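Read from first to last, the chains carry the letters A, B, C and D; within each, the first residue is number 1.
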Amino acid sequence: MIKIQFFASLRERLGQAKMNVEYNGELTVEALKQQLLTRGEDWQALSGNNVLCALNQSICKPDTIINDGDEIAFFPPVTGG
Amino acid sequence: MIKIQFFASLRERLGQAKMNVEYNGELTVEALKQQLLTRGEDWQALSGNNVLCALNQSICKPDTIINDGDEIAFFPPVTGG
Amino acid sequence: MISIQHEDFDLNHEYLQLRDCNDGDGAIVTFSGLVRDYNADGSVSGLFLEHYPGMTEKSLMDICVQARAKWPLGQIRIIHRIGQLNANEQIVFVGVTSAHRAAAFSAAEFIMDYLKTQAPIWKQEHSAKGPKWVEAKDSDVTAANKW
Amino acid sequence: MISIQHEDFDLNHEYLQLRDCNDGDGAIVTFSGLVRDYNADGSVSGLFLEHYPGMTEKSLMDICVQARAKWPLGQIRIIHRIGQLNANEQIVFVGVTSAHRAAAFSAAEFIMDYLKTQAPIWKQEHSAKGPKWVEAKDSDVTAANKW
């Protein structure tokens, strides 16, 4: 199982902050995103090219491989400070 | 009359903080310094090439002309802050 | 030390800590960021700050490690507030000590520039028109790229 | 505002003034300089600071004018202490507000760099070996020349 989190405007557009997904494959982060996009119209929010992804709380590239138990997060560009 | 001031190590070496000098000429700051150097051995403290000069409270160049009533100051490089 | 907190902070308390803990460092630089009107039209009454718990702390720790690799630093203190903030409230504090003032200035600015582009924190502006997520600024990316 | 004074200053008071007076400026940078052991051998027990009354204030005013010509700034506050100071006491404070953090950082560092090379202030170190006037540092001239 992997844990997926969404933040800020992305969280609002998806209507959820987190979800757990059964997982036993060898998906890349990009492939996971493509799977999520098939879930319906709301999920197109993930398709923007400024959507960032973190794996286990570090920013990661689209070709990063996800392992079982990982924590993945999608979010818009940060605006703190 | 002009007012001449000395600060910090220069003040100590000269043994005085200020002096008034009768003045009705058209000396440059450098010429004034040369006159002071003739006053004796102690005054050689003024000859160091790192001695700075201010005319009326602004750093000035050696060829600046002194006018009657001016305030001249000689001092070592500053070390505040 | 890094704190992500709802509560306001007391700059004086932070400054005295930096002074007390410093081992002969003669330079202390602080940066404080306040809630201001990003639209410059007086319409923003406040902010809501959301963050990614865990990753925020991790990213700020990483920024401190990077800063220490670049400059000889004594203490580093970072506080970022989250939740609901009103206009003119304090949002963020960065305090750095060093034996060298240039290092303290550079490190504090570096930390702010990186924090702005790396720390997973998001601002939502509140105004009469309703809530609106703040857009990321290219100038912040440019600022972070200069280091 | 510029103050040349014997008395210690209260960073918190200065910060609150900068916060209160600022017209929507979101960034506040402060620099504090403390008496430290310039010989780095623990021998310096204190400092005596001499200055040129009148010219000090004039040179600091001029530095503020130069800073305002370079960056969009709100408040500028400079305090420099003179007289007898003990180890770890505060010597100098510079506080700057701006709508832009880069401007606030740059201006505060610029003011310190120029103050170090332009303001007619001299430090005399006190140690067991007796008093000794501090030599000017080339690095300070280099720092001021970068602007």
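Keep this in mind: a contact is a pair of C-beta atoms (placed from the backbone, for glycine too) under 8 Å apart; a residue touches a chain by one contact, two chains touch by 3 or more.
All values reported here derive from a predicted model rather than from experimental measurement.
Taking the CA centroid of subunit D as reference, the farthest chain centroid is that of A. Between subunit B and subunit C the centroid-to-centroid distance comes to 49 Å (mean Cα coordinates, whole Å). Between subunit A and subunit B the centroid-to-centroid distance comes to 72 Å (mean Cα coordinates, whole Å).
Mean C-alpha position of subunit A lies 26 Å from that of subunit C.
The set of subunit C residues touching two or more other chains comprises 33, 112. Under the touch rule stated earlier, the contacting chain pairs are A-C, B-D, C-D. Here subunit A touches subunit C in the complex through residues 5, 7-9, 11, 50, 54, 57-59, 73, 75-81, going by the rule given at the top.
Interface residues of subunit D facing subunit C in the complex, by the touch rule stated above, are 11-12, 15, 19, 22, 24-37, 40, 88, 99, 101-102, 104-105, 108-109, 112, 143.
Residue ranges on subunit D touching subunit B, taken from their complex, read 33, 49-52, 54-55, 58-59, 80, 91-92, 112, 115-124, 133-137, 140.
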